[in-house]
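Structures are listed in the sections that come next.
Below, subunit A partners subunit B and then partners subunit C, in two separate complexes.
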Partner chain A sequence: MDRDVHRGAGHYIEKNLHILFPLPAVTFVVVMMLFPVLYTFFLSFTNWNLTSGQPLSIVLLRSYQRILREPRFTAALGRTFSFTLMAVSVETVLGMIIALILNREFRAKGLVKLILLLPLVATPVAIGIVFNLFYDPTIGLANFILTRFGLPKLAWTGSASTVIPSLALVDIWQWTPMITLILLAGLASLSSEPYESARVDGATEWQIFWRITLPMVMPTLLTALILRSIDALKTFDIIYAMTGGGPGYASETLNVMAFKYSFEYFRMGQASVILVFLFLLVLMMSLVIVRLRKSLEL
Partner chain B sequence: MKDNFHSNAKKKLSLIDGAALNARLCTEDCSMQTVLQGIRCVQFSTKEAEMKRRFVLVVLVLTALFMAGAQQKEIRVLLANHPYGDLLKTVIPEYEKATGIKVNVESLQESQLTTKLTTEFATRSSTVDVFMTRPLQEGKMFYKNGWYEPLADYDFSDYPKNAMDVAIFGSKAYLVPLVTEWQVLYYRADLLKKAGLAVPKNFEELEAAAKKLNSADIAGFASRGKGAAAVTQLSSYVYNFGGRYLDKGKAVFDSREALDAIRFYGRMLASYGPKGVTNMSWENIMPLFQAGKVAMWTDASVFYGQIVDPAKSQVPAESVGIANFPAGPKGNTPFIVVSWGMAVAKQSKNKALAMDFIKWATSKELAKRGLLANITMARNSVWQDSEVLSKVHPGLISTRDYASKNGFPYDRPYMSAVGEARDLIGEVIIESINTAGASPRLEALAKEKAAAVNDLLMDTGEYGVY
Partner chain C sequence: MHAPILKKLLFGLVIILVMVPVMFPFLWMLASSMKTQVDIVAWPPRLLFSPTLQNYERVFREQNFLKYFINSAVIGISAVAMSLIMGLPAAYSIARFQQRRLSIFILIARLMPGISFLMPWYIIFSRLNLMDSYVALILSHMLITLPIIVWIMASYFETIPIEMEESAMVDGATRQHAFLAIVLPIAGPGIVTSVTLSFIFSWNNFMFSQVLSMEKTRTLPIAIYNFVSYAEVDWGAVMAAAVAIMAPAIILTMIFQKYVVKGLTMGAVKG
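Showing the complex of A and B:
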């Protein structure tokens, strides 16, 4: 009797396993990811502004018009790209070189690997504070080293012309090891046969790298590139902690600008517009790279 | 099938009506059924009674816990990372002990505090009862959104009138002034003496001294250069040149007087300031001063305690001086402002407790303890208490005396959208510093930014209102 009842419930569970098991994950994605994204889209069509004391009203594309006309927005957009390009390109080249070095056998390899991976586990805001001390034009270590080598002092994050490279340098310091790590995994999985035949054919190391290693490791490299680029496009913590977007707006990327618009100016509607653009940018970027990967048939 | 149905119905009934009914039903039932089934049935009912007992027990325990929780009165208080916030944190246990009220304290850095309060209040999800607040930064906006509770039965007679100006909206007071600060000149007495210079009393002397004291190793002069953060410290320069940020609800920082001040400020910082000053606020300049790399520094009076603290500074306390802000071509009216106040949240569900707490947290007794810790409290009476004054640095007392008689009670444009307005003015300041005050497009830039600030004033319905 009772068993029948249990079998009924059990039957229901068994029949709907494909719904029940993913349910927690689906709920999480809907509540924590999908809803905020859709709500941001909704807010971007409003003029919600906390300083005005008025309730929000729907203004359709007017917030978009206002943001697009803002020279500060176009500058931030360009800066987001130049920061990403600067950081990711150096990280890729450096990461590749380090990975190639680490891929050989040598003594204390484990220790070197461990030291290289340390920046990855450090907290970005703490890194920002430490680098700020390091970059301090008057009492900082960076200028001390420059003067030791007889070079002129730099303002680092204190000048509009050097602030983006200075910030990119921090990003490079922290994230090159990630590229190295991914590439090392890729290099380890390569078969040794093409190398042996290349050596038999008398190929130089340089040729081996360009003709064999690089093409074979390309899928891994592109994966690393996608991950890093998306991450770099939305960098926030380091920039906010180190310069807050300054001097002036000289290091203001889209994310920092959106933060200022929402939590310093309390213009939630317009901040959402900026975030919608950032979202589209990241989406486009991933699509382009995915397409590129497919077209290369990797 | 019928059995099944019967058993099901019985089970449901028993669940609803309790163990007694269940037992009765069960005996009736058992008499009609086979012995085997009967045994199972009895087993079932005892098991269920046991479960019920446990359930009742759990409910009882939970109720007891809940009632105990309800008896413990609690309030939630948001403080700033400010010396007075730190002082409160150390004495709140005394308050808890005396009143039996549990005070849940969170403390945040000032801009994060504004952000947290704003998002909590705006989303109507806040459980904040009492909070520290910056009247000049967020006062207008919080009042307009109805986030401050009017403080009807608080005795404000001990507060200076110009401090109350920013606490009162319409006819009601909405916040208690806590801390005042005014702009001063910090200087290195030893360096001035070595160079044979007197403490600068006006801008000309300030520039001459900065020029003489400036060297490859030590900046002759420092003040905030980081755009928005510099706005407050530029204000006294603007006032002493005869200008204002806002006048009669309109932006006027593009006036000739204000521009003269901005050019002077830019020239001083570009010529004698530390390198990279356009990215420096007080938190970057203070360590330089403490490391002995700055000869003179104009900033708010609150930092005095920290630059004479031997644990924090490499410069001996006797080499550090504090003086009135130097006079300009149009006299000397440095800012003196209420930098911090305390308020009760409108949506608080514990208003009586919150009122009790705020009266204690802003009491004369605590103000005295604050001033003894070099925190420049707003209450008048503590500044007349000779016992307290004997322990406070005379420089702080004399500069406050001067500023409270001659000062101007705003250090930034007083408006709802002040965050954005500060960034706009900051752009003009940075342009001036980058060109050592000589930028040919400074006036046009200032006009453009003043128009933008006027737009903000119009957006919030504050244009022309004063």
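Showing the complex of A and C:
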């Protein structure tokens, strides 16, 4: 009897395994992520200010109007894109070149791959601070190198005109190896047949790259590129740690601006509007990935 | 006879040329962590100096660094453990029942900007008096670790032949029993990959702890950030702190190199 009950329970679990197994994880994500995101969405229609002591009132689209008319917002939006574009395009080209160089057997390959991994696992805040020492206008190595080549010193993160490229350089340093490693894995899985027949036909290395290698690694490259772009759009740690969005607002991206509106000015309503935009941006990119995976049957 | 040697030499040179910029910030950080303040502010920057460990001493003695170290470890390990308990069954289900929508849901959870749920948490946790509590920190870090674990493990379970469970089920075992007794024990490599990677990402996270923790539950990335924001920068100590914070992640990566590469690249390559 007891055993039958036990069996019955086991049978029940087995029959509903496809619901019961994911249930805890899904519940967690819904409670901790989906609800908060919806709450943020709701707050974007209010003018709630945490420090004003007044209850929140619903203002519909007024917070949207205010933020969209705010030059600081449009500048941050453009900056988010230019930072991402700058970082990801250099990472892609550089990552590809390094992958092609490394795509052969040699003795130290294991060591080289290990070294390439290190930037990816390094703590971004700490990396940002290391680069701050590097960029320091008076004691930094960066300016020393420039003067050695007879070039004028730069203010790096200290001036509005150079701060975004200087920050992008940190991102490039940290994430180019990721593109390289992904492409190396992709290149390793290619079949050698097309290469052999191309060589028989007397194709040059250049032609082989454009006609065979690139098209074959394209799906891998595209997915890596979009994943990287999403992460670059969200870049927070290095910017916040290195410049705090400054000088002035010169390196303020959407993420940094939303952070300041929420946790420095406590203007929750307007912060939510910025978050909604950032959220939509990331969601759009994510859907592109999902579509891409489907159409490429990855 | 000479050509291949020359070619090899040239190739070696190219490799070094690529590796030097990758290694350089680490080496400069390590060197600076062993310099006195005088050596650090010297112009031109000094490549030769007499190394000292006093920066490390200062970091670990004067600051509560060890405490933040333990906080980071406790929060990371707890978040990973809880995520394994919730994530492994979910990943198994996604793999075996081809729950595509669920896997997309988890992927989107992994891609969402943390700040879009951080603000509501801040409000809710302060109402519940849970600010600066381990509960709040572990829960928030689970949103980093859980999606990574589910994502990696779902593709790992797909590579395990279904015949093994089926033969056990023919012998009368339930599917959940087959999962526990047969699938999990051979999923070791996948679990190592997902645990290592998710722990490293939790360890490195800055934003959640910056908002949700104060003195009691402060984690390492915040500690090092606060170091710099105080008036005059003690560069030697900051660099020593940077070395200390990166050491665990780098050691883990060295030990589990193969797994970490797999985990980081599988998102893009069909795996």
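What we mean here is this: the second predicted complex is superposed on the first by the 271 of 298 C-alpha atoms of A that agree within 3 Å, B and C clash if a C-alpha of one lies under 4 Å from a C-alpha of the other, contacts with A are read in each partner's own complex, and residues count from 1 in each chain.
Here is the rule we go by: a residue touches a chain if its C-beta (ideal position, glycine included) is under 8 Å from a C-beta of that chain, and two chains touch if they have at least 3 such contacts.
Since this is a predicted model, take the numbers as computed values, not measurements.
Trainee: Look at where subunit B and subunit C land on subunit A after superposing the complexes, then choose clash or fit.
Mentor: clash
Trainee: Scan A:85 for contacts with subunit B and subunit C and give back first, second, both or neither.
Mentor: Touch partners of A:85: none, neither subunit B nor subunit C.
Trainee: Would you sort A:40 into first (subunit B), second (subunit C), both or neither based on which partner it touches?
Mentor: Second partner only, subunit C.
Trainee: State whether A:263 touches subunit B only (first), subunit C only (second), both chains, or neither.
Mentor: In the superposition, A:263 touches subunit B and subunit C alike.
Trainee: Which partner does A:284 contact after superposing on A: first (subunit B), second (subunit C), both, neither?
Mentor: neither
Trainee: When the two structures are overlaid on chain A, which partner does A:155 contact: first (subunit B), second (subunit C), both, or neither?
Mentor: Only subunit B; A:155 stays clear of subunit C.
Trainee: With the two structures laid over each other on chain A, which partner does A:138 touch: subunit B (first), subunit C (second), both, or neither?
Mentor: both
Trainee: Quick check for you: in the superposed arrangement, does A:214 touch first (subunit B), second (subunit C), both or neither?
Mentor: neither
Trainee: Between subunit B (first) and subunit C (second), which does A:237 come into contact with in this model arrangement: first, second, both, or neither?
Mentor: Touch partner of A:237: subunit C, not subunit B.
Trainee: Quick one: subunit B or subunit C, who's touching more of subunit A?
Mentor: C
Trainee: Counting contacts the way the document defines them, which residues of subunit A are shared by the two interfaces, the one with subunit B and the one with subunit C?
Mentor: 50, 132, 138-139, 263
Trainee: Note which residues of subunit C are touching subunit A in the complex, please.
Mentor: Residue list for subunit C touching subunit A: 11, 14-15, 18-19, 21-23, 25-26, 28-29, 32, 40-45, 85-87, 89-90, 92-94, 97, 99, 102, 104-109, 111-124, 139-140, 142-143, 146-147, 150, 174-177, 200, 203-204, 206-207, 211, 220-221, 224-225, 228, 235, 238-239, 241-242, 245-246, 249-250, 252-254, 257, 260-261, 264-265, 267-270.
Trainee: Which positions of subunit A touch subunit B when the two form their complex?
Mentor: So the residues of subunit A touching subunit B come out as 1-2, 4-5, 49-53, 132, 136-139, 153, 155-160, 163, 243-244, 246-249, 260, 263-267.
Trainee: For a test of understanding, state which residues of subunit B touch subunit A in their complex under the given definition.
Mentor: Within the complex, subunit B contacts subunit A at residues 3-4, 7-8, 111, 115, 118-119, 122, 141, 144-145, 219, 225-227, 274-280, 284, 287-288, 291, 293, 416-417, 419-420, 423, 426-427, 430, 434, 459-461.
Trainee: Show me the residue ranges of subunit A that touch subunit C in the complex, using the header's touch definition.
Mentor: Answer in residue numbers: 10-11, 13-14, 17-18, 20-22, 24-26, 28-29, 32-33, 35-37, 39-40, 43, 50, 98, 101-102, 106, 108, 110, 112-127, 129-134, 138-141, 144, 173, 177-178, 181-182, 184-186, 189, 220, 223-224, 227, 230, 233-234, 236-237, 240-241, 255, 258-259, 262-263, 268, 271-272, 275, 278-279, 282-283, 285-286, 289-290, 298.
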